[in-house]
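The following pair of complexes shares a single chain, chain A, combined with chain B in the former and chain C in the latter.
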Partner chain A sequence: MSSLPLQPRRIDLSRWVIYGLVCLAVLLPYVIYVEMPFTPSKEAKGLYDQLEALKKGDHVLLAFDFDPASQAELRPMGRALLLHCFRKGVIPVVMTFWPNGLNMDKEIIEKTAPEAGKMWSREFKNGRDYVFLGFRPGDTSFILLMGENLKTAFDKDYYQNPTQKLPGLTDVNTLKDMKLVVDLAAGATVQAWIAWGSDRFGFPLGAGTTAVSAPDMYPFLQSRQVVGLLGGLRGAADYEVLLNVNGDGRLGMQAQSFTHLLLVGLILFANVVVFIRWIRGGKD
Partner chain B sequence: MSFFKRLTLPLLIVFGIGLLGFAQEFVPHPIAHDFTEAMTTCFKIMGGFAMILGIYSLTHLHVTRIRQQGPGWGYSMFVFLGAGVMIVLGVWNDGVGPLREVSEGKTYFDWGYDYIYVPCQATIFSILAFFMASAAFRTFRARNVAAAMLLIAAVVVMFGRVPVSETVGRWFGTPDVFTNATDFLMNGPNLAAKRGIILGVSLGGLAQSLRILLGIERSYLGGQD
Partner chain C sequence: MTTPQNKSNKKTSSVEMAVLAILAVVFLVVSLLAQFIVKDADGHYYFTTGADLRGSLGVILAAGLTLVMYSFLYRDNALFKIAENLYVGVALGYMVITITWREALRPEVYDKFFNAPTWGAFREALLYRSVPVILGVLLITRLSRKHGWISRYSYALIIGYGAGVGIPLTTHSFILKQLYAGVAPLQDAIVGKTSPALFSWPWFADVAYPVFLTALVVVGTVAVLFYFFYSIEHKRTGRTFSQVGIFFLMVSFGASFGYTVMGRVSLLIGRVQFLLYEWLKIPK
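Moving on to the complex of A and B:
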């Protein structure tokens, strides 16, 4: 076996080379831009079409159930969904079950609203054109409470304004008044929203999840308990393409493409080496 | 403590509340709605007590480690330093006080969140990509038919999920070939397996709930049958 050009031990020792290659694959596309057009997935289009079909003044509940660890994937989705709401004149009502993400959620909204204002030459005002309800604990039981009475569940918004007096929530009393609910989840909150929210109160539910959680959503997509899905950074990129805006999702697709290519190449390379060894009668 | 207080009373409370919680699902009466609201409030209160318990547990663990100067005791100091500083900054809230909005600009609490907490969490999560690449390279081997199928599925999904797959597909005149293969894997084998797991877990959860309601499962009372 000593005649083999690549010994298993040498493959194992190449960890730092792999780290270096991954680093290059992530960074290079930001230096050398390669145009890679792509077609948005039908799961992303399902969510886009659902929101696109809403009328001006309708309400959409956006649950930003993630923390900074997942922001690379879920934050671009949040921004894209907010931009879509602002473009349509739909009122986004944002909340979270994750206290660690509260400040980040506030920043997403407070940055996106003026950005949308510049894009469509309008002023989007807090409490009128969008509402930020902030954090509440409780997941399942709190969804039930929101289904009974939203303004009891949230007596004040994040900025301590009474929700009874917010012009953006004039026609909203319960979750049933939401034309769409979208949960951007780093955990298992989508399942809670399905079991205790959409199945019980009858509103359409969309989901945005990290790439590792996206496969869990497919049974709910098939049963139409989830009307659309944004899976990982690709999901965010799909939504940005559908919306025809640029953002971190589309930008990140270059880096993700090269990294995935590298991973596939590395796996195939390692298997070819093992296969050669097997042909020559050696052990892995 | 008598047997009744120690065992029978808790079981009766669990049975009673469990039965009411189950029944209110099917009773469209204002009393049932009020009960739901009351239970939600109770849940939040219990959450508060759970947080106190969590803080006590965390404090106890790290104080013990510092006192005994066990492995990594220096990191335990940072737990108190980080928590203490953020609690003080949050309560102080730039002189405005807790639960009040500062009219302009970012507070010191925001600064700590934006420039320490967010980058730290994002960094920890992002280095997973490096470990995953290394682990996949070293362990993903087609040693038998099942492992080969898993490997092929992983490679197809990994490749089909990124735009470069469409670019490569275009070279062969079929831009959707990898995307379609990925969709087949996700909507076929993946969906079937996930649904099976969900059904299994749900039935298990249902059985466990019934065992708790009927007093068969008592380990939550302290591990005694």
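Moving on to the complex of A and C:
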């Protein structure tokens, strides 16, 4: 049996050119810093204003419903929201329905609290100035339980301290005592928080989502079921600009803007090529 | 049979192996230099494992795996497959052992029954948790063909509870509230508190523009629904209207695609930031 002749290996150069250009577009802003101007979106401002209007000692529930796979977009949002809470003297109460992100959530809180302490020369203490409740299974049913009694739902915090004795939760009994709930979601938990949480118990809900899920949130913004939205890395950068702090969101947006320009250029170039071929009567 | 092209492939493969070996050595040297070589105040370099040896090793491992995953851009290879399977295995192990046992079964079941602090706590666990635990155990009978029917009792409860609680809430949140949001600007325009002069700037901003947007949403929704309505043939006016639906769908796909591109680029930026700031320890 004769073997089939082997095809000489074809190297698709255009693919490598695109990889190289994308690589350059992402890396270049870290080598040569070029400030790309952008104005925070009104969706991000909606969430910022909601939190800014709270008083010292009010409580905000932050649901970090994401895992390390989406941390590039959602982690800077979490940090920015925590910094905002610390700056305002609002007590952030953090929890998650995504167990894979539990250790990451702990790291975000434990890094941000001392960082905020340095920024505003204050000591932010666990259990008093912020609370980390950790993970509980149950998703939608658990939201209902939290709406009935938060301290029954979470009898202990992540560090195994009884929630009944936490000074940071003294005035909190149910979800209704939260002045704002923000869900940072890599999945569909925002919809659960809307139906089972905010619409039922009447607290304002904000959302931070990955860029992929952001378009799905706009109907809820229009119906005011969500008071503000942070969409993808851009949303994180928006919030950092509003808060006037530096972070991975703003830093990443430079690379993001460069890459977007490149992609728009490539799409236009490809369309021009197709258009020219079409005029010349080519079939391809 | 050895053909000249087989020889050529063998040669390429050897070159690839050599390049891989060089890259591996470079990676190790760079990792050691970045993670363990520190400059003191006098400008002398010295080797230290630092306070967090496990953390440094974790960063090196994560950086190595990141680079291995990106090697897929060159072509599918054995290292990529190893990393891919490692990810699936670790994620599964973490989910089953760490999360299911440590975060769910142990605190919610085992500790409540076998480490109950008081007789009262044990009685409470028996009262509230024994039925859910039994129903949960019954689900495992799905694994047996003979006894699988027993699990239907648990499923019946899950479906009954889910439908009973979920249907009214989701109807209210995702249909009624959305319908209301769709007509609210029209309502505001007709029975609004303020009635600006016709064709004045406030009239355009507060009445005409929201009404125009609402009309756009209504036309878009109806046109898209009509496009998917196959009971009548799309001819003449119907065809034009269904093409309007296609137009709205295309705009929607474009928005989703744009956001998806942004999300994917953000993930790349996240990895680049990790490699620059945590692996190479370049100051921000």
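Worth pointing out:
Note that in this section the second predicted complex is superposed on the first by the 271 of 284 C-alpha atoms of A that agree within 3 Å, B and C clash if a C-alpha of one lies under 4 Å from a C-alpha of the other, contacts with A are read in each partner's own complex, and residues count from 1 in each chain.
One rule holds in what follows: a residue touches a chain if its C-beta (ideal position, glycine included) is under 8 Å from a C-beta of that chain, and two chains touch if they have at least 3 such contacts.
Keep in mind that this is a model prediction, so the values were computed, not measured.
By the touch criterion defined above, A:Gln71 lies against chain B and chain C together after alignment on the C-alpha atoms of chain A.
Between chain B and chain C, it is B that contacts the larger number of residues in chain A.
Using the contact criterion defined above for the overlaid structures, shared-chain residue A:Met119 touches neither chain B nor chain C, since it reaches no partner. Of the two partner chains placed around the shared chain by superposition, chain B and chain C are both touched by A:Thr259. In the superposition on chain A, A:Ile276 contacts neither chain B nor chain C.
In the superposed model, A:Pro137 makes contact with both chain B and chain C. In the superposition on chain A, A:Asp199 makes contact with chain C only, not with chain B. Once the two complexes are overlaid on the shared chain, A:Leu268 sits against chain B while remaining clear of chain C. In the superposition on chain A, A:Glu148 contacts chain B only, with no contact to chain C.
Once chain A of one complex is fitted onto chain A of the other, the partner contacts of A:Arg224 are limited to chain C, with no touch recorded for chain B. Within chain A, the residues touched by chain B in the first complex and by chain C in the second are 19, 22, 26, 71-72, 100, 137, 141, 144, 211, 215, 219, 222, 232, 234, 256, 259-260, 263. Within the complex formed with chain A, the chain B residues making contact are 33, 36-37, 39-40, 43-44, 47, 99-101, 110, 113-114, 117-118, 121-122, 124-126, 129-130, 132-134, 136-138, 140-143, 151, 154-155, 158-159, 161-164, 166-167, 175-176, 179, 186-187, 190-191, 194-195, 198.
Per the touch definition, chain C reaches chain A in the complex via residues 1, 3, 5-6, 9, 12, 73, 91, 94-95, 98-99, 103-104, 107-108, 161, 165-166, 169-170, 172-174, 177-178, 180-181, 217, 252, 255-256, 259-263, 265-273, 276, 282, 284. For chain A in complex with chain C, the residues that touch the partner chain are 3, 5-6, 8-9, 19, 22, 26-27, 30, 71-73, 99-100, 102, 134-135, 137, 140-141, 144, 156, 191, 194-196, 199-200, 210-212, 214-215, 219, 222-225, 231-234, 248, 251-252, 255-256, 259-260, 263.
Chain contact summary for the complex, chain A toward chain B: residues 11-12, 14-15, 18-19, 21-23, 26, 36-39, 41, 67-72, 100, 103-104, 107, 137-138, 141-142, 144-145, 148-149, 152, 159-160, 211, 215-216, 218-219, 222, 232, 234, 237, 253, 256-264, 266-271, 274-275, 284.
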